[in-house]
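Chain nomenclature is as follows: A, B, C and D, assigned in order of appearance, with residue numbering initiated at 1 for each chain independently.
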């Protein structure tokens, strides 16, 4: 019986490892979004000084 | 990640079949005469081999489509499919020994199916890892597409060779082979449900991974356009 | 057989870095173009795309054989020759054996004596039975020039051909380049040779083809100023 | 047909002439195999495996590893002076370049096997002449399957950073079916019976991988 439980838990462990890699990739995407926003903000402020 | 209706539909279908498969495999299907309850591992051990196959042949299809049309979209799809195929292969490789121990008394036996799954696992680990070692981004999809096709072509030969090997050298006495015991109708239903559940899981994970890759591509495009703008100023 | 090339909105990106950005030009039979620009301006990338070595990320290149567009890349490659500081010849074979291989690869069907004649044009006939790896740098460059001339190409694509050559080697190169009706596209840092040999100039800066001028409307001083200009921007980018 | 044949013979002629002159690949593979055979002997005696029965396995182990070394070396000698770019720029059809390279690698490996067989007979007290026809067929077809995949994969991993490490890692799982079939058909041939089912399997394997390689090599001929 314990083998059955072990096997089932292994399946969920493997699947959850993959889901965690997906989540980690999501976090990387969010980070790049933030850097992009920062660069855009800098560009806008730069652009504003020039037009004034 | 906004969930389209299609995603929601697949997700609910997945949870329903997963529940059904669990109930069927654990309660309704009768325990195997020889191995008792341990035989229930078999349902999703075999159930997860099927989406593994599906994943690897999709890698071939996606890679062929990429080489034909050079559309990055196809490369992302076959990469996602390769990754999830690897996940299912790992499931088969981990549940296999857990099931082999009580039934055959040994953690690992060079049974035809297990050996071929190991080879499959190595082939597609190579496919996924090769990408990290190719520096030139424009070459990466093309090179891994070719490896994807060759890898998927090897799969049937791996299975044929291990089966041919096994018919020629019949195994020493094994306690009950997995086909032992008459196939009770409930057993087959449990097996089919497990297969369906895992295939739906494959589709669900695959869709998430593909949308994620596409989001990353869109971000990269934005990055280049931004660096172009920064050049102007 | 005449060969002309047209490229439209040609772009090449390596990840986030843009090697070539929307280049737009034509190469006509009889043109001798010097491609100039600072390091990393995308000169070699453009050359490699035109030589059918790499595919552009976006944009189109069309090769015209005798006027009509030709999509079969193999027929185009038979009419092109690429020469760079890497000789593309096998070190374990002799100079003649290398040329015999190239002769059969391009299906030119030249006899051995013609091959030796070709070697003689670059002054390497006496070294024909010498292993390629035992030849000096200058000799290797001249043998690879003979390799480039073997298929009698309509167009030579040259990637800094003068690098590592002695006086006599440069002289040999120059008389081949100035021979009647040979046309080529040369990437070079050697401003003086670039001006002297070419009749058109493409100047690149940070992946963009900024200037495309004929020799007639460009004096040597203006040419130097232009090249200096593109070099200046390279430093502060 | 003649243009294709001339390209094929040009490549074959060049590869074989290069190999005969430098002989580096041949020597390194052959010496490596002898060392491997001695290691196998010590491994088998201490582990109590019946030594004489391991003839086919040992032979194929040597073929696998020296083949991998040989393939890696032949492709690297093609990258010196960037000669591979010369092949890309030639008007030759990619598929025929692939078949020419497969053929030259195949001849080199088979030549090495011919030298190895007497050694195997010597070390493993095996009578090679039981059914020489089947033995030769299984060796040649097995090497064919091995080289057909190897020639393609060596170009794939040539574009990567750690190509020397990556090539065996990527190639070996792909040649497992060819090796399983090779070992078994050689073993049956050494026993004198006819390994017809394995030979059929090897034939199918060769046909599939040679055609896959023929079609895909085009896409590798790009920088």
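Keep in mind that, in the parts below, a residue touches a chain if its C-beta (ideal position, glycine included) is under 8 Å from a C-beta of that chain, and two chains touch if they have at least 3 such contacts.
Being a predicted model, the structure only gives us computed values, none of them experimental.
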Chain occupying the most central position, where position means C-alpha average: D
Of B-D and B-C, whichever chain pair has more C-beta contact pairs: B-D
Cα-centroid distance, chain B relative to chain D, in whole angstrom: 31
Rounded Å distance between chain B and chain C, as computed from the means of their C-alpha atoms: 49
Between chain A and chain B, centroid-to-centroid distance (C-alpha), Å: 23
Whole-Å gap separating chain A and chain C, where each centre is the average of the chain's CA atoms: 46
Residue list for chain C, restricted to those that touch at least two other chains: 54-55
Per-residue overlap in chain B, given as positions that touch at least 2 other chains: 136, 223
Of all residues in chain A, those that touch chain B in their complex: 1, 3-4, 6-8, 10-11, 14-15, 17-19, 22, 25-26, 29, 32-33, 36, 39-40, 43, 46-47, 50
Footprint of chain C on chain D - complex, ascending: 3, 6-7, 9-11, 13-14, 17-18, 21-22, 77, 80-83, 85-93, 222-223
Residues of chain B that touch chain C when the two form their complex: 70, 136-138, 220, 223-224, 227-228, 231
Residues on chain B engaged by chain A in the complex (per definition of touch): 1, 37-38, 40-41, 44-45, 48, 83-84, 87, 90-91, 94-95, 98-99, 101-102, 201, 205, 208-209, 212, 215-216, 219, 222-223, 226, 229-230, 233
Chain C to chain B touching residues, read off their complex: 12-16, 18, 21, 54-55, 57, 206, 237
